[in-house]
Structures are given as structure tokens and as C-alpha cells.
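Quick one: the structure is below, questions incoming.
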Amino acid sequence: MLKDITIGQHFPGNSPVHRLDPRIKILATIAYVVFLFLATNAVGLVLSIAMVLALYVVAQIPLKMLKKSLKPMIPIIIFTVILNLFFITGDGDPLFRVWKISVYTEGIMFCIVMIVRILCLISGTSLLTYTTSPIQLTDGLERLMKPLNVVKFPVHEMAMMMTIALRFIPTLIEETDKIISAQKSRGAMLDSGSFTDRVKALVPILIPLFISAFRRADELATAMECRCYHGGANRTRLKQLKITSNDIICTAVCVVAFGVIFATRFFFTPLI
Amino acid sequence: MSVIKIENLSYTYNEGLPGATKALDNINLEIEEGTFVGVIGHTGCGKSTLISHLNGLTKPQQGAIYLNGKNIWTEYPSIRDVRFNVGLVFQYPEYQLFEESIYKDIAFGPKNMGLDDEEVDRRVKMAAKFVGIPEYALEGSPFDLSGGQKRRVAIAGIIAMQPKVLVLDEPCAGLDPEGREQILSQVKNYHKETGSTVILVSHSMEDIANYADKVLVMEQGKVYNYADTEEIFQDAENLSKMGLGIPDITKVFLKLKEMGLDIDTDVYTIPYAIKTLLKYKEKNGGGHNA
Amino acid sequence: MIKATNLLFGYSEEREKALNGVNFTAEKGEFIAVLGSNGCGKSTLAKHFNAILLPEEGTVEVEGMLTTQDDRLFDIRQKVGMVFQNPDNQIVATIVEEDVAFALENMGVEPSEIRRRIDEAMEKTGVYKFKDKAPHHLSGGQKQRVAIAGIIAMRPDYIVLDEPTAMLDPEGRRKVLKTIKSLNKEYGITVILITHYMDEAAQADRIVVMSKGKVVKEGTPKEIFSQVELVKSLSLDVPQTSEIAYELGKLGHNLSTEAISIDECAQQLYNFLKG
């Protein structure tokens, strides 16, 4: 069922990673991705893996969840492997040949690096969404982007839109489910027929869905007005973001870890 | 003969996962052709899951469903044939309207059945008549109608398929008393004139008491009771304890009994209440009896 | 006091006026139920109480402020809170407590004060235990109580509820109604409840019946529901308790249609059977 889809799933908890200021988490995730691409030697890659795994342990996110978020990546990984393995040519002799294609050591190395990067990239960003509620995430983004207000970028409005979108995704998914069932009950064929037939079959689903979304938007706007909403001016927030000792310690740990990963560049030969 | 037969039906959401919940637990049920069945139970008692099995929107995990003696999943050419025979009206069905005219919207089902234009036309007009939409209004847009009218158009869209069994999930939700009365009496009328089986899911005991011949009470995925309406209300005290909103009039009679009167409490409609009261008064000679 | 005088309002030129000369007052501390069939103008009236809609003619006053006074708009909206039928379409945030805080954030209240007020509001409506949950994991009745908490947090003097129980199951209805009643009885908030359910209206201090954009009848539940024929002629219902007395009356037995609670009705029938 459509309802089972989860976007940016949050895994509530009270670990130091969960309690970390969302702004720091967002910045740290970005930094992690950058350093991941700078680390091209074996030790750096191993350290990157170790770092993300350690954070999962600290955050007490079951590795089952990690497996779940990595699973959809398998086709992409296979695709990357095939592409790199067979099409990267090295300087020396090919390691072995499959049919007419030669496989070189460089190709294998490149594959390994890519696989590690993809896995770490997904694990790292998943950790961010697992440990940060969507609302904290929006909050963090809003505050990080606040300087953009100077150039008249509607930061508050963007954040509000994101919050509302997050709030209504489950509702609209459920609604879609219901409309599909209702039209199926009237004999609509959604999963058979030619391409044009299928596109046509979407009309009875999409029109009611749009009408309903607009009706909801209208009602929500009224409800927000009733609660004195008037944009971002003079607005306060229930949850203040304050830098705590936890934030400082975590930041320090991250800086050291990133420094070590970066430093490996100078001591070990790169794999690619 | 029973038009619908449910055999050992069980269904679990999120099977195998930590959040697994058993929605249906070994349901066995036979519904006779031409009955008006009321279905009642708490939210989450499994009634929605049950009705989505009836027209094959959900496939049974265990057990089977028979329509006219044939298994709906193995003995019909396609599940769509089952859906045309078991018409399902969802909650707030007005939210499924999409065509530019009322006529076209009602015709959606019959057209999907592959009927010729003449037959589609006949059915659209027949269905519109049952729900009280005059023929001249059929070319209008369904979106210009009031909430209650939209809902009747949506119900007509199902009736136009001439299903053997008409299932309605909370058809009166959110309507005013007049709107409720109108829809229910139109459904009752359709039931009487066509002799088709009607299954009405409702939270309102009053509505069920007023319209249903038989009542199915569900509790935690099981059939708590399935019997004639009078028989169901003999158990009013327990229904009340289960938190099912029993009619006020039934509550009054339960109170009378509590006050020491030896009176029947299977009362569920006003006329029936009056009959019971007068019978009691006559039998006890008004006041001379303690 | 909320006071509407000779209120006139239409959504478009062609159609009939939704409100056609409405006079209405709500005194502080009252529990008023507004009854009327669909399209009688009751929702339109409700939206005038906190300046969501403004009168075409006539006036609406909230504690002496006219709803047309632009500079008092937020004062009026803070004083008169509003809850709508569909709980889904009035919850903004993805976490219960964040949603309850929404109005206070808009009003620029200090964070520590927001915390104090939302905790209090969630206690009063019995949703404190869901404070960290996502709204879509709650039942309809729970969501509706979250919506009410979001309004109560503003500490309004009046709360207007537009068919708050129409989409709920009996369990949800019962709890929402209990919450509404306690807000009125225990915390002194004036309640204006628009409803189709006669049993809910029967619990109010006063019933206002609307039809075709006008107030056609006002009185205590007893006064209104005892006039069975009039109520039915307005396409409304009476509680079964009044109806049975009325039906027995038609058969020549003299019973009072004013006995609208279960206990009163049972007592009356007891006397009737014994008498």
C-alpha cells in the first residue's frame, strides 16, 4: 500500500546524536560528504566507514534500519560497478578478460572507492533524517539560511511550506489510496492496457486528488488565520536552538575526526 | 441461497512486522440474498477491512469469500466482474467525483462494464431517479452541487452498475438530519424495489435500528453477533457496555428496568417503544400492579 | 460579549444572501448551541465572530471591538478561537506540541511562556500524553482535541466550534464533547457550538435555531425541543426522549415533551406506567 512509503523517516530517541543542534547536524553531514570525496586512500575510507558506524551505535539506531535505507541503493551500486569495472582502462596489463572486455586493477579500485562512497553517503544522510525530526530539520535549515533574508529571500515562507508539505504528505497519500480504491470499485483499470489507456486512467484519480488538495489548502489557510498567522514578522518559536555542552563536544569530536580523515591523504597513497 | 459467504477469513496488517495488528480474526458469515444488513462496531474493529474484502480490493490472507457460491478470486473470470456485482460506496464518496457532468460521472461505472450506450443511458437515468436527481439536471457539473447532492450522485454512480450487493460505508457521515433521512430512505427504497442485498456500515445505532433487517456486530476483528435486529437489541445492555452508542430510547428502557419495572429492553425504534409501553400498561392494569 | 446586529452577508451577487439580517448575542460564560440544516448560514455566521468574514451590512462586536477595526484584528482573533469540522485541515505542524504552540508563536509570546501555556492547554484537553506524536498517527477525535488545545493555548474568552464532531466516531464524539463542556463549566470559556447532533445541543444552556440566513428560534433546550412539530418543520430532529412523549401525546396521553434527559424521560414514563 502507498501508506507504507516513508519519506525521510525519523527514528525518535534521546542519544547525544539526537540531541545535537540540527544546524550542527546539517553542517556536519555536508562536511562528511565533502571529506568522503577527499578521502581516496584506504585508511581514510575505512575511517569514514568507522565514523558513520560509530555514530549509528551512539545514536542507538538499529542496523536493521541502516540496511533498509541501503537496500534501494543496490541497483545503483550494481550499475556503477558494471560501468566502472568494464570501462576503466589502466596502464598495465588487464587483470583478466570477460568476453571482449578487459578488467584492470584500476577499475576494481575505482569500484571499491565508489561503493564505499555511495554506502557512506546514504548512511550519513540517513543518519541525519533518522535522528532529526522533519520539523527540527526545517527549523535548522530556516535558521541556517536566515542570512539570505538580506537578499530578500523568503526564508520563513520556504520553511513554512516545507513544514506544511511534511505535515500533509501522509494525509494526501492516504487520500490517494482511498480514491484509487473508490475508482477501482467502479471498474477503473489502473494497471493494465496500453500506455495511453493508463494515462487516461489517471484522470479519475488526479482530478479528485487535486480538488481535495485545494479544499484542504483553503481550509488550512482559514484555520491558520484564525490562529493569528501573519507571516514571519515578530514570530517567536517554542523550541529555541541553544548551543549546549553536548553540541560543543560533538562538534569537537567531528572536527577531529574530519581532520584525521583529511590527514590520511598525506600519509597514504590514494587508491585512485 | 446466500449471496455472500465468508469462510475463515483472517487478515493481519503489517504481517511479520513489529506493528502487526490483526484486523480480521477467523470470520465466518453468510448473508442471505435480499437482506438489509447493518454493520456496527468501534473504529478499528475490522469492519472497513471486511468490506474491502467483499469486492476484492483486499485479497484474503487466509480464508475465502464466495459470491453466489463462487470463490471471488478463483472462480470469476476477473476480479472486476466481482466489483461490478458488489458495489462499494466509500465514506465521503463525493470526493471521488471527477467528470464534467453528472451524467458522465454516473456513467463511469456502467461504461467500464462495457455496456452499449443505450444500456448505459438507461442505467444512468434509473440510478439518478433512485437518488432523486431530476433528468434535466444531469448535464450540470457535479461540482456545483451541495455536499448532500454530490454524495447522492456518487451513490448513483454505484447503483448504475446494478450490483447484486450494495455496500455503503457511513453514507450519512457529516450530513444534517434531513440529508441523513433522505439518503437512507432512498437506499431503503432501492433495496425494496430491486430486491438487492444492502450492507450498511454505520456508527449510528439509530440508523441501523430504523433500517436494517439484520445486524452484524463486530468486535476486535471478530463477529460478536449476527442476528435479526430485535434479537441484537435484546442484548442492548452489553452493546452499551461495549461503548457502541445505543439509541437514546433504548437507554430510557434500560433505565426503566433499573428503576424496577419488568419491561422488555429490546426497544430500538419509537413505534416499537410505544407498542411496548402500551402493552405493558394494559397488562399491568395501570398502577394497580407493583 | 459577542454581538451581531442586523448582519447581512452574501457570497455572490446571484445567490441568495447567506445571512439575511441576523441578530445574535453571546454573553460571557454561556454554552450556546447553534442548530440549522445545511446551508442555513450557521458556518457563515461563525466566521464573522473572529473577522474571517466581514459583514456587508450590520456589525459584529467582540467585547466592544468592531470586527471591521483593522488594528484590533489580532486582539479579536485571540479572544475568539475557532475550531472547524475537519481536524486534518487545521493542524499545521508535524508534532502535536508544535501545533498547539502555533498560535502563540504567531503572537510573539516568549518561549518559556509558550511552554507553560501549551502544557496547560494540552492538560485541559487531555492530549498531553500525545505531545510528541505526529498528528497523522492520532485518531480523528484525538486530532480534534489537539486542534482545540491549539485554540485554548491562546487563552480565548470565546471558542466557536463549527461541527467539530461531524467526522468523528461515537467514542471520539463523546470525548470531544466532554472536553468542550469542561472548558465551559470548569474554565468559564464561552462556547458557541454549531452541530447537527441533537443530543449535543441538548446539553447547551441555550439553543439558537437558524434557517435561511435568519435566526428563527431561541431558547433553552427544553423550550426548543418540546416544540416537536416546529423543529421538524425546520428539517431538524428532536431527541428521541421528546419524540416519544410527543407520539404518546398524539395517542391522547398527556406527557411533557420537556423531559429531554434520559433520566427525566424514564421518570416520566415510570409515572405514566404506574399512574
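Lettered A, B and C in written order, each chain numbered from 1.
Everything below uses one rule, namely that a contact is a pair of C-beta atoms (placed from the backbone, for glycine too) under 8 Å apart; a residue touches a chain by one contact, two chains touch by 3 or more.
All of these numbers come straight from a predicted model, not from anything done at the bench.
Engineer: Name the chain pair with more contacting C-beta pairs, choosing from A-B and B-C.
Structural biologist: Spelling it out, more C-beta pairs touch across B-C than across the other pair.
Engineer: Report back the single chain whose CA centre is most distant from the CA centre of subunit C.
Structural biologist: Farthest from subunit C by mean C-alpha position: A.
Engineer: Just the number, please: Cα centre separation of subunit A and subunit B in whole Å.
Structural biologist: 45
Engineer: Let me have the rounded angstrom distance from the C-alpha centre of subunit B over to the C-alpha centre of subunit C, please.
Structural biologist: Taking the average C-alpha coordinate of subunit B and of subunit C, the gap between them is 30 Å.
Engineer: Contact residues on subunit A for subunit C in the complex?
Structural biologist: 12, 133-135, 163-164, 166-167, 170-171, 174, 215-216, 219-220, 222-230, 234-240
Engineer: Quick check: in the complex, which residue numbers of subunit A touch subunit B?
Structural biologist: Counting only subunit A, the residues touching subunit B are 175, 178-179, 181-189, 203-204, 207-208, 211-212.
Engineer: Going by the contact rule at the top, pick out the subunit B residues touching subunit C in the complex.
Structural biologist: 42-43, 146-148, 173-179, 203, 206, 243-245, 247-249, 251-252, 255-256, 259, 261, 263, 270-271, 273-274, 277-278, 280-281, 284, 286-287
Engineer: Give every residue of subunit C touching subunit A within the complex, in rising order.
Structural biologist: Going by the criterion above, the answer is residues 47, 50, 52, 74, 77-78, 81-82, 84, 86, 88-95, 97-98, 101-111, 114-115, 118, 132, 134-136, 147, 150-151, 154.
Engineer: In their shared complex, at which residues does subunit B touch subunit A?
Structural biologist: Checking each residue of subunit B against subunit A gives 52, 55, 57, 80, 83-84, 87-88, 90, 93, 95-98, 108-109, 112-113, 143, 157-158, 161.
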